[in-house]
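Labels for the chains are A, B, C, D and E, by order of writing; each one numbers its residues from 1.
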Amino acid sequence: MHVGLTHFLIVSAILFTLGIYGIVTRKNAVMVLMGIELILNAANINFVAFARYGNFGLGGQVIALFIIILAAAEAAIALAIVLNIYKTFSNVNVDEIDKLKE
Amino acid sequence: MEMTNLYQSLNLILPELVLSAVLVILVAADLIYHNNKAPVKFVALSGIVVSFFFLLFNFDNSGFAFTFGNTIRNFGLVTVDNFGHFFKLIVLISSFFVVIFSFSSIELKEAENRIGEYFALIYGMIIGMFFMISASDLILVYLSMELLSLSSYVLAGFLKLRERNSEASLKYLIYGAVSSGLMLFGISILYGMTGSTNLYVINSLIQGPNINLLTLSFALILIFAGIGYKISSAPFHFWTPDVYEGAPVTITAFLSVASKAAGFALLIRFIKTTFVSYTDANGAWNLINVFDWQSVLIAISILTMTLGNFSALWQDNMKRMLAYSSIAHAGYMMLGILVLSNQGLLAVLIYFAFYLLMNLGAFLVVMLIANKIGTEDINSYNGLGYTSPFLSVSLAIFLVSLTGIPPTAGFIGKLYLFIALVDAKMIAVAVIALLNTVVSLYYYIRVLKHMYLIKTEPDTPVIKPNFIETLIVLALAVPVILFGIYFQPVVDFAKSCLVILGM
Amino acid sequence: MNYFDIIFYLFAIITVVSAFIVVTTRNIVYSAYSLLLTLFGISGIYVLLGADFLAVVQIMVYVGGILILLLFGVMLTNKITSVDIRTGTIHLLPAAVGSGILLGILWAVMTWTDWKTYDTQIPSTTIFGLGKILITNYVLIFELLALLLLIALIGAASIARREETEENN
Amino acid sequence: MIMTESLLVNLSVVVLFLPLLGFATLIFFGKKIPKLYLFEVGILFGALILSIIIMYGKLTYFIDSDIVSKFRWISFSAAPLPGYLNIELGIKLDNIAVIMLVVVNIISSLVHLYSIEYMHGDKRYSRYFAYLGIFTFSMLGIVLTDNILMMYIFWELVGLSSYLLIGFWFEKKSAADASKKAFIVNRVGDIGMFVGILILFFNYNTFSFDSIFEKISAGLLPFGSEAWLTAAGILVFMGAVGKSAQFPLHVWLPDAMEGPTPVSALIHAATMVAAGVYLVARIFVMLTADAMLVIAVIGAFTSFIAATIAITQTDIKKVLAYSTISQLGYMIMSLGVGAYAFAFFHLVTHAFFKACLFLGSGSVIHAMHHEQDIRNMGGLRKKLPITYLTFLISTLAISGVPLTSGFLSKDGILAGTLVFGKLTGHWLIPFFGFTVAALTAFYMFRLVILTFHGEPRDRHKYDHAHESPFVMVAPLAVLATLSIFIFYTPNPIAPDAGWFLGNWVKTPEQVTPHTTRFDFMIPTETESHVHSEIVNSELYTETMHWAHYPAMIMSILLGGLGILIAFVFYQWRKIDIDKLTEKIKPVYNFSLNKWYIDELYEITFIGQTLNFSKALAWFDNNIIDGIVNGSAYVTRYASKLSGLFDIYVVDGLVNFSAFFSGFLGLTFKKLQTGKVQTYVVLVVFSVIILLFFFKPF
Amino acid sequence: MVGFPILSLITFLPIAGMIIILFLPKDKQNSIRYTTLAITALQVVLAIILMSNYNYSAAGVFEEKSFQFIEKFRWIEISGISWLGTVKIDYFLGIDGISMPMVLLTAIISFIATISSWNIEKSVKGYFALFLLLDTGMMGVFVALDFFLFYIFWELMLLPMYFLIGIWGGPRKEYAAIKFFIYTLFGSVFMLLVMIGLYFSATESLADGSKVFTFNLLALMNQSNFTPDGILSPFNPHNLRFIAYLALFVGFAIKIPMFPFHTWLPDAHVEAPTPISVILAGVLLKMGTYGILRISYPIFPEITKDLIWYIALFGMINIIYGALVALAQKDFKKLIAYSSISHMGYVLLGMASLTSTGINGAILQMFNHGTITAMLFLIVGVVYDRAHTRGIYDFGGLATQMPVYSGFVTVAFFAAIGLPGLSGFISEALVFVGAFSINLIRVLTIISTLGILLGAGYMLWTLQRIFLGPLNEKWTSLPDLDKREYFMFVPLSMIIIFLGVYPSAMLDIMNASVNTLVNFIHSNVSTTLSGF
């Protein structure tokens, strides 16, 4: 079987799933952020692959570009928040930060 | 793209441009005025007023902005229409109140020197919302949502060293990032199926044959997860109570009204533009038969309101209670969407107009009380009705209105929703919603119970709002009653805002 | 099986395996470095998909920016006594079940769908095209992103900046 | 004086409202103006004079026609359902009405007079006279009405005044109990009467007696069936059962003796209790044979029960009370057997001598300082000669000794029962009748002997006893005089030879269809009769003649026997009464305890109703409210789970369904763990679930 | 009087009073009280003016032109969108023979309740402000002829009532208040749904010939106004009229309160302060039955006719059940509360008959029950004020101590028992006469007559336990009525006696309307039931 669109999509699917898995299971906030990055990348692969095989022009790549930039911005904010959490709680274990509940 | 087109486009997004400019000015002003932040506040407030006027001038101005120029893609990234204007108005008005609230918030006083950043981030939110409201391209939707989200993540944790602020911020961040990630993945699949991210283009393409419905449904549900998170509808609402409770009350108020409004505008536009083949003479929307939006919305709406109401019963924290209440209200408002008709849309618009007043009002009063007693615990409201009659009466009005009892505006909002439901012959849904209303009475009335029915304790404080605060409370409370009795202007106005450019 | 396929599988395996390590290893530093590999792999896939500029951006922004940020995050939020910084896991079972089902669905979605595909053209450089499209069709988004970055800047600074008054608390 | 119909009507209206005027005056000004009660007494005597004028006018000028005057009370004009509807009230002056008018006024005014002294010094003196006033008003209303609705209205008002008067000394618990009992027991009968009225009104669309009778005689039966006519008759009769203290509703009357003695004389002997008899007389013409039989049996049985109870009672008023019940049973029985005129006659004669007896007993009680137990009396004839004399005359009358009024009326009734027995084969009724005659003579003389004869058993009280003053004695004298035959007929052995029965009171012809009557109640139309007042069949007239002397002889013999036994037992002490009672202890106790009827009611109706109401109240508090409130268990469960749960919210909340909301609320609450990753898991699962729910395939 | 908005005046006068009170300083308690008194007195005057100008022959019910004192103008009008049509809501007031007695009752009871409120000491200002707001709500319900307006007034009462019970009530006031609120809201949301359903099912022709959907009750009564496909339209073969009727009925039944929706009533009554109990029993309960007569009956005549047996059945249950439960009560006020349930059963029974007599009786019973029960609650209030207990067994022999009071008690109790000569008798008798004339419910009627007996049972028993017998030593210092209390009892007693003797004074007012209503129901239904 020749490598085609589906193969790329499956890679992205696996990345997406792993991203979700990582977000849910990791205690460390930074690790959770890594999971988020995986999801974004999975989406990016989709965009680029679809654009390529569907002959949709450069739209997909531009979108991927935007998302990369966005990811950077998000990471910046996210890490700032994580640092702040660390200052407040002295750890960054997401599951221990549950003062707000009911 | 030609210059005329660009010029026209810029003309159409003039309010957004004004806001962006003010944002820059704010940043500059913040740098200039190091010690005295009053000018910054002034800039923030006046920026909103100015863009408000621009919005009004722009009111009946509608069209597509940033069109791609070629024939198939002559629908632009941005659709400016009265529907959008309505929601932008909601956003601006609530921003106006939130900015004013911020002036008197005790919480924010401790971060006085960062107030410039605070307002800048609020502007970020506003701009994000504006684009969310009028975006007709999924990528713009996604990015504006992210703009909104990033600003609000920061604002939720704005008071850095407060535990609950930081926690709210982190939770909001993770939850938001996942949701938007899901949405983005959904968008990417949709893109793969249609080759476009433009709603209008997608609309025309999914009408064609060979659409894999499973894939489409999957993509749509992922996208809905993103939107559902913004409007905090179940089962994507989990962040809401925690964040609302943790965030500064001004931000909570803002999130509960403006952010929700933007989310609803997006949801409505998304469904209306993408999935409606035509609107018939009776105002009913004829869905393209690819996805059963109605069933999904019915299920989610009922789940949302039930969950919101029943959870709110248990809450002792006012903000948290109002958070659940706002979840329930999201459920009510979805009732207006799920009938898939202009009738329902009208109901949503009317509801939002009133929701703006009563919810902001409730949060404002909660904040004024918290300013004095330092807590939002309902149990500490005991006897407030006697020591602080003005605030208590106002809060009572807002809560009664939220319950939806005449003669308050909340009743009219509900009335229109139910009118839409009955007109669409969805009696069973209406009954469930009405029973929910009855349930909601418990927790709203419980606040009144604490304020009035429980004896004044010796340490019950006397809260006297200052002149401006009184004025603002009145500005919210009086219309709640007034529109409850004479609601024609609001309905007339909402009626003129039903125009969604599209199919 | 031609070269294209082999290269694809190579990159795909790198990506997937390293991603798997990212989310499973208990050592945070390992995890971070695996992410580096993943991002490289993805960059390679971009190349295979004819997105040369994107591949470069991927490496520059992700590897050069985001990953470094993450590493900083790891370092700043842990007592760096050794490189062996471990982290716990939670929700293993529901996460595994959920991810499994999700993957199943995705697999089905990706394979069953009759994607519209065309013969792929010989890739050519995309920089000019991208550049043009950025300042025409997507100019609004471009500007919006600028705004977004500004907000991110303000936000991040606002949070991370040390406040003397607040420090005193 | 020229009597016109309208004059008579106007006068009767004046007579009707005079006592009410007295009532209103006394209620509002009684306390402030001293001696106002004299005004009330004066009013009553005025009313008496007027009523005598009315009787004179009616019986002189309009003896054969009834005077009816109506006015419209409520008008529903052209109502679509049930058609036209007007409720009219009115006054009907016929012979029995005007006679009753006089009787009521005589006794009432005498009682008023008597009470001046008897009630002297009571702290609610004027209130007492006010109540007497409203009673007289109500009673006159019953007498004068021409329709059954108004009858019912005044019927109830009489009940009210009776309630007020029985409970006049409400500080005594027994008095308060008795008044309540009287009212409620009466209400039981009234319900029947009310339903009967409903049946009549529904079918005839009128309340007027005359219109109803006209329609019945025209062949219109209730719901087209004779059974319903019977039912209507019996139901209305139930009213009489209550008011006239017939079995099984007789239990209130003995207790009613808790009221002041003049009240007992007026209400519970002479007038109010007679209202039932009057009512049956009013509806007599619409009674079917079956209904009459029921009435006769109830009457006979009542008279028997009451007589058997009376022989063992030791309270002077109780004896008289049971005697009253017994005599009322006589009257009812008499109506039931068709001896209409004799029933009414007995009503009148009984009114006088029983009032006399009660007032006499009042005099005794007054003299003995509120001692009522006859076992503590004795020998009082020396101390109270006038009282004794009048009391004795009345006792002779009630015992049916010749030359008294009682002899005349009782004889007629017994003859009527004999006839009835002969014509229908129901011999039990005459048997009861004669037995009771003997018993009556016995217990009445027992009473007289124990009270007035022999040696005083309570010296102290005896020594202080003295004859009552004039205002108390005078009424006794008047009433005793009225117990002499001469006022009713010139021939002491032929009651119908006189004006009373010969001219004034005649048995009316029934209006029910012939098939529903006793044969003897169907008039023979072929011949003209000498005794034209008896409109029954010839056979009946003949049998009546046949029965006249046997009945008279038997009643004299039985009465004499009863008297004799009484003397043997109590005066001459030939037989030790205590030993005798010891021998027949169960029977004695049965009688002494009034056949245990009160206890039976207490256990069954009253007790069970109360139990049922308690059960219902529990049911209401726990089940009805509980269903709505959610079961207590769930409430507990829910509040246990959450200490935060505000109890009032729970209670209020669960007004819908505690389980639902409690469960839901808790589930939702569980979901909100505060751990963001949990939320994410939930979101992922939600997405998956949503997909499976809304998959398009 | 033509053209003068007297109905608006009588309705909104209390609001004006409320505003005045809000501007009065808190410590001027007496001015606040006198203001309220003046307002309610003025209301009584206005009600009397209304009555003296009332045309006895004009029927109303379904015909706009025979309503009186009509005020009608467009309140909300939204037009201009094709698919929406014109939305209009009228401000439409008017009275006929069904509402006139209720308006009078409301005015009188408010006035009496004001006098009775005199000794309220806690937050006087808030109390009287809420009281007046409640007054407006009550009055509005009885004069509104537009469903929307009706609903607004209906709900307007909830909140003041909640506070009045909740703040000035007894020990379990919060529970009682929330229970009242929830129950009523539960009922009224269904009413809301039916209201909307009706709105979409019928159109009204405007002056310009266009047809618009309408909330106008009179237009909804005209079956020819219904659209062919409206969900509540009789022309629609799949209409939901039956369900809507039930929903509406539940809404009203809760207010009556009808078994098994009655459990809020004892709680609310027991906890409410005396004047509020008076209002609650005197006026609020009447709204349920009034609503049925004004809305359910004429709009759904055919279903009404199908259901009369059930209505009568519940009437009977109310009568018997209420009385039996009352019999078991040990709390004086609770007993009166249950007696209310029993007495409202008569109203239901009378209405179920669908005859002029029955409905006349029912409305008269509404009025009479209003006055009698008001008096009974005042009686409880008087004794509670003095003795601070309501336990029936705590008393005894009060008649000796308080003779004047006991006199009024006797009048009220006997009126409640249905003693002739007092007003209660006439209405109960008419109810029975009316109900008895219908085959279908005759048996139920006969069973219901037991209520007369049970009523006498619990009332007299209570009278005996509290007022008769030896005086309980504890209460030898209880004072008799003072002047103020005297003034509450005298007018009510006068009304009770007057209507007992001359019921036509009230019956003549409603007669024409009731006849028209009965005619209307029967002529609108083609099927005939046995018994008619």
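The working rule: a contact is a pair of C-beta atoms (placed from the backbone, for glycine too) under 8 Å apart; a residue touches a chain by one contact, two chains touch by 3 or more.
Please read all numbers here as calculations on a predicted model, not as lab measurements.
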Checklist line | Core chain by centroid distance, with centroids computed from Cα atoms only | finding: E
Notebook entry, point to check: So which has more C-beta pairs touching, A-B or A-D?
Noted result: A-B
Notebook entry, point to check: Among the chains, which is located farthest from chain C on the basis of C-alpha centroids?
Noted result: D
Item checked: Mean-CA-position distance for chain C and chain B (Å) -> 31
Note to self: Report the inter-centroid distance (CA atoms only) between chain C and chain D in whole Å.
What the structure shows: 102
Note to self: Using Cα averages as centroids, what's the distance between chain B and chain D in whole Å?
What the structure shows: 78
Check: What is the distance, in whole Å, between the centres of chain B and chain E, each centre taken as the mean of its C-alpha atoms?
Finding: 43
Check: Got the chain C residues that touch at least 2 other chains?
Finding: 90-91, 94-95, 98-99, 102, 105, 109, 115-116, 138, 141, 145, 148, 151-152, 155-157, 159
Next item on the list: Give me the residues of chain D that touch two or more other chains.
Entry: 648-649, 652, 656, 669, 672, 674-678, 680-681, 684, 687, 691
Check: Multi-chain contacts in chain E: which residues touch at least two other chains?
Finding: 174, 178, 182, 186
Notebook entry, point to check: Which two-chain combinations touch?
Noted result: A-B, A-C, A-D, B-C, B-D, B-E, C-D, D-E
Item checked: Of all residues in chain B, those that touch chain A in their complex -> 139, 143, 146, 150, 153-154, 157, 160-164, 166-171, 173-174, 177-178, 181-182, 184-185, 187-189, 191-192, 195-197, 241-243, 245-246, 314-315, 320
Notebook entry, point to check: Any idea which chain D residues touch chain B in the complex?
Noted result: 642, 644-646, 648-649, 652-653, 656, 661, 664-665, 668-669, 671-672, 674, 676-680, 682-683, 686-687, 690-691, 693-697
Item checked: chain B partner contacts - residues on chain E that touch it in the complex -> 75-78, 80-84, 87, 123, 151-152, 155-156, 158-159, 162-163, 166-167, 173-174, 177-178, 181-182, 185-186, 189-190, 192-193, 196-197, 199-200, 231, 240
Note to self: Going by the contact rule set out above, which residues of chain C touch chain D in the complex?
What the structure shows: 90-91, 94-95, 98-99, 101-102, 105
Checklist line | Sites on chain D touched by chain A in the complex | finding: 669, 672-677, 680-681, 684
